[in-house]
Structures are given as C-alpha cells and as structure tokens.
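Have a look at the structure below before the remarks.
Think of it as A, B and C in the order they're written, each chain with its own count starting at 1.
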C-alpha cells in the first residue's frame, strides 16, 4: 500500500470570480514508502498547491488524499495529526523563525505534538546534528546566524516532528553552491538513516538528477510523468518543450548522439557520463 | 481569505471618472459625505443614491464590484442595524415580545443607517476604484501642500502612504504564507481560549514584523540607489491637471447638495 | 579613454557589533578596473564580500581605506553623490523590495522624478526603458500582478531610465524560477550589447557567469581570480575549494582529462564538449 496517495485531486482558486484558476487538475498519484521523490515543473504548474494538499493544509475542491490508505478528509479525521505525519517545509522557511533561541524554534513542532520534555530534547539535539548545526548554536538567537544556517534551523524544525513523509519546497533557493550541496547531501543522509519518504520540489534539474529515486513532472496542473530519472530524462524533448531545462550533462550526451556516438543509457550525472565515455574509449563495459 | 479584501483597490479602466483630476474627485467625495449626513431626511439619502448611481455609470465600474466592497463590512451593518432596531424607541409599536420592542422610528432609523453606510462605502470605494493609490496620494499631497508652509512634512507623509499602499498586497500574501507554514508545524489557531488564541498569534506576528523591517531596510537602500533625497526638486510623471469635466462634476455635485439643503429646510 | 570605475586598494570593515569587539574586515585590499561596455560576473560564496564590493561602486558604502572612482569622481565626494548614483545604478535580489510605486510605469519614473527630469522628457524615457526590457505592455499593471522575472525587469527599467553607464546587479536571479532567470539574463545581455551599458553581475549561477566576458572571483575579501570565464572555470579543483562550482561540461572534460585523455581545459558549453569528445572518440576508433 502506498504511504501517500492522491485520488482524482483537484484544486480551483477563486471559484466564481474572473480570476478562477485550476491549479491542480484531477491528479492521481501513489507515493511508496521510502521513496526519494523529486518534483519539477515551471511556476504555476501546481507544485505548491499539490504539496499543501498532501498534508491537509488546503482542502481539495474535489478528490482526496489518502495517508496509509485512510482518507484525511473523511469525517472526524485529525488533520493536525496528518501534518505531523506529513511534514512540509515551505520556500524560504527561515522567514518563519520566531523563537528567542534556535533550540526553542526547533522545539516548536514537537511541543505542539504534546511530547514530554525529554523526548523534545532528544529530537531537537538529533535533528540539529542531522542538519549540521553545532551544539553551541542551539542557545543562540536565530537572527544571529548566517542565511544558510537559518535555513537549516527551519528544516530541522520540521524534521523534529519526525514525520514519515518530509516534503520540501525548494529548500536550496537563493543559496550559494556550497550551501546547496550541504543541504542536499544532509537530506540524502537523513533519507538513508530514517528510511522515511522525502519529496523535494526543485527548479534545478542538476540537483534533482543527482539525488532522487523517482521524478514527478507537473505541467499545467497535471502530471506529465512519474518515473525513474532515467526514464524521465529519456523524454528530454518533451521536457524542453515544457520550458524545463535539461541538466547540461544530459544535453552534452544528446549532442553526442546527434554526432553518432550513442549509449543505451540516459545520462544525467557527470561521474556516470564520464564513466560511460571512458568505458567506450577503453573498449570495456562501464562499471556502475 | 485575506486576499479577498478589495476595499481600497484600484480597478484600472478608461472612463470619464478615471480621467478626472483626483483632487476634484476627493473634494467631490467630501461634499458627497457631508450631503449624505445632512439632516435626518430621506432627501439626502435619495440624493446620495443618485450620486452613487451616476458616478457608477460614468466610471463603468460593474455594480458587482461595489457590492463586493460592502461585503467586508456586513458584520458592522448587522450590528448597527440590530442596535438601532431595538434600542431606539418612538412612534407606533409594531411588535412586542417581553422587553423587546420594535417601533416605527426604530425601523426607520435602522434602515436609514444601513442605506447610509452602504452609500458611504460605495461612494468612497468609487473614489479608490477609479483612482490609482499613487495618484490619490499625489492629490492629497497637493491638497495639503499649503500646510508645507507650516512646516508640516506633507511630502514625507504622502511617500509613507504610497509605500504602505504598495506593500499591503505583499504583506497580506506573506501573512497567508507564514500562517500556513506555522500550521504545518502544528500551530493551532482555531481552538482554545481567547488568551491561547492571542498567544497563537505570536508565531505569525513576529516573523511578519521581522520581514516588514527587512523589506523596509532593503527598500530604503533601493530608493537611495535611485537618487531619492526627499521632496525637494522632485518632478512627477503624472501631472494633476484639472479641466472642464472636473468643474462640471463639482458644479453638479454642489448643485445636488444645494438642492438637498433647500428641500430639507422647506420640508421641515 | 578614462576608465569607468577604478577601485584602488579598497578595504572595508563593518563597525563592531559590540564594544571591545574587533570590527569585521570584509574587504581586504581590492583593486579593480571596469571599462565602458564590459559584461562582468562577480563570483564568490556567501560572505566572501561580493555584495559589500557592489555597494562601494555607487557610494552606498564608502571604503574605510583606499579609493573608488566613478567616471573621474571620488565616491567620498558628497557633492557628487547623486551624479555618481546616476552613473552607476543598482538592482537587488528581492524584486518585491525595490519597487516603490503601485503601478509599473510610475515605478520606472521614480528615479527620474528624484532627479527632477521635466515631465515630457520623463514620459519618453520611461517608455523607452520599458521597451528596452520588454515590459511596455505591462506599464499599467500593479507589481503584485507580475511574475518574479517581470518584476526584476521592471526594476532594471527603473535603473536604465536614469541612463546610467553601468548597472550593478546583486544576485538578480537568485529568487527566480528558470523562466525568470532566462528573461533577466536575456535582458541584461541585450542592454550590454545594444545600449553599451556596462554590466556587473554578482551571481551564484555558474552558467550565468559563463555568459559574461570576464569573471572576477572574490574570496575572503580579496580578488582571487580575474579572467575570461573559460580560464576561470578551467581551475576546477580550485573553484571547488572556494565553495563554487563549474559548468557540467567543464567538469566532464576534467574527469576525462584526469583519466589521461587530451581535452581542452577551457571547454564550457555542451556544444564545445560534444564536439571535442566526438573528435576524441573518432580518433580512438580510427
């Protein structure tokens, strides 16, 4: 049974006004437990609306969301409990920090869950470590931290609820390359360690390609495909038509194909591409 | 949600009223307001209704928009209506139950009051629908400019107003976003006692203030980079120019007001 | 010809936050020159001092030591302040926080109003600026009705209406989606090519830097590299150590070079990489 399922999910903004717009249009989707899902689509493709419906923040216009096969909108369902199970990190989450200390801010979610002090303390310290925040930072005021650190505090605040599904809306937006790599590799670690499901919304094909096991492509409020990165990037022309830029490495290999150098596999990371080329040049089978 | 607030939103269109000099529009609106509250007689309401109807037609603003502007004050209308209905007594008793009494005067005053408030909102909304906030600010600045001689910071006030208007939609959107984000962390804003609810606002208000200060700082920097140095020696892209239509409109409004005054005195 | 901007041994320290704390020195002796018509990218990780450097260029900040000269004017000269800011315009990261007016064309006019430009001329310059960034059809819109990329183009129009010699853009695409990024980059390149405006682009995006004529890498308040993009990116490991990145095609060729294949280290674009690799494969098979 999938952990999270969208059933004929639809959301329409400003119904009945001249600004009426369907942001999510009859989407059906099944997310399996333990998957690392990348979500791509241009602005206005419905990514953010879909994410907010997945944890019950937005009520679908029609259709519904199932968590562990249970309808989160059925009568008497506890939506607040759903939000603890499906953690959502918004874009630029550092702007939501409000407590006096980093510790208290990370503890906000667990506290709302009604956990005891000891459990809260364990969670705060564990997640702070998971996002690479040193112990002594915990007693500092959030505003005294650097931009990248604040971002990681905010992510830790959601992780500390120990959700079974962690959704992040562009967690690397506005950071420098080092900050981006840091957050993404910490996410990978977190995913490996906890085995929980991670959904990552991103504009960067390069980043998504490196980390995820499945890719969800949205366009004009509908699902274009939900598949492995290799299968998705194999439909490169379609993606480009949707205004989604392919990773540059994929473009190199598409250009090579035009020049008569072909590989059976779709290439979307640099080390893999280099290995394929070396194998070809050395007349051996690629090792991956 | 919060985004539905339309009061004070410009509705760009091409109409006679849109093209009018904002200074005259403000003066005319003032006259309209005084007229609306002139005496306790039906004439002022009828004149107000006529004024709003004519202004609406001339401005091409759909009636739906005006109704929408009244929507947010419906609770105020209900309270005012009910209070007037039962608290005022006089004239014939229409209906009675225990200590609650409904009198003719009560009904009359409450209907008067409701219509008056609706007209008030509709009339002022027409001003803001047809005048871009920045032009409105210009006009206020221009009307208040004599006060500059008294060392009143008229330009600074106008600039502050412009910026406030510019950032209202941005901050509303931001509030929505912060609320959603804190809800995602389990913040509970819908239940609990009054004190608990007030406390639940802290996680929203603090980030909102922090963000407003950050925006203010960045905006000040951007304005400095664009050579802003106060009101001295500034020119304007949009010049306020009055013309025949403004004089005619003001003349007609004054005429209407004069008629209301005359009828009021005659009928009394 | 006179240099547009000259920075001579500029130092900058932010005053200490607390008493008896050392002031933090952000820039430690920077010397640079910018010519008319250049398209320059400035790279550096967060906290490297690149934004501070940008603020020295139009006298928002003054160097604590050394001098900055814009078109022959020392930025310390307060009487020339408005003139300097007219020569060097600035666009910031957050498009929302630099739009002052509630209507697009009125915002574009804001700088001209401050300079006291007569209304007729202002009208013409506003329209021209809006045409140049491709936002003329949106002149009557409210800023919150626009996409991020469109807002950023409006901000750029507000600067070029002032007819500057140079625009400094401080991470103008950081908050935009790929579509918005493309729009802004296209606009910047067009302004540089067709209007001869000098562009100094501070960015984190390596592919944006790759589109410039010159790349300056700032690290710990000093100029670490200053060269053509191909040359800068050919130092793959060095860039990594600075917390920066290189374009993927460069990285691919570097990996192959490490395996002993002869490839030009200055390859940046997918096209160049594909050509070079295709040649390599063909020479091996023949």
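Everything below uses one rule, namely that a residue touches a chain if its C-beta (ideal position, glycine included) is under 8 Å from a C-beta of that chain, and two chains touch if they have at least 3 such contacts.
All values reported here derive from a predicted model rather than from experimental measurement.
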Far-end chain from chain C, centres as C-alpha averages: B
B-C compared against A-B, more contacting pairs: B-C
Averaged-CA centre spacing for the pair chain C and chain A, given as whole angstrom: 30
Distance from the mean Cα position of chain B to that of chain A, given in whole angstrom: 43
Interfacial residue positions of chain A with respect to chain B in the complex: 52, 55, 57, 80, 83-84, 87-90, 93, 95-98, 108-109, 112-113, 143, 157-158, 161
Residue ranges of chain B touching chain C (in the complex, touch as defined): 10, 12, 132-134, 162-163, 165-166, 169-170, 173, 214-215, 218-219, 221-229, 233-239
Parts of chain C lying in touch with chain B, wherever the complex brings them together: 58, 60, 82, 85-86, 89-90, 92, 94, 96-103, 105-106, 109-119, 122-123, 126, 140, 142-144, 155, 158-159, 162
Contact footprint of chain A on chain B as seen in their complex: 177-178, 180-188, 202-203, 206-207, 210-211
Interfacial residue positions of chain A with respect to chain C in the complex: 42-43, 146-148, 173-179, 203, 206, 243-245, 247-249, 251-252, 255-256, 258-261, 270-271, 273-274, 277-278, 280-281
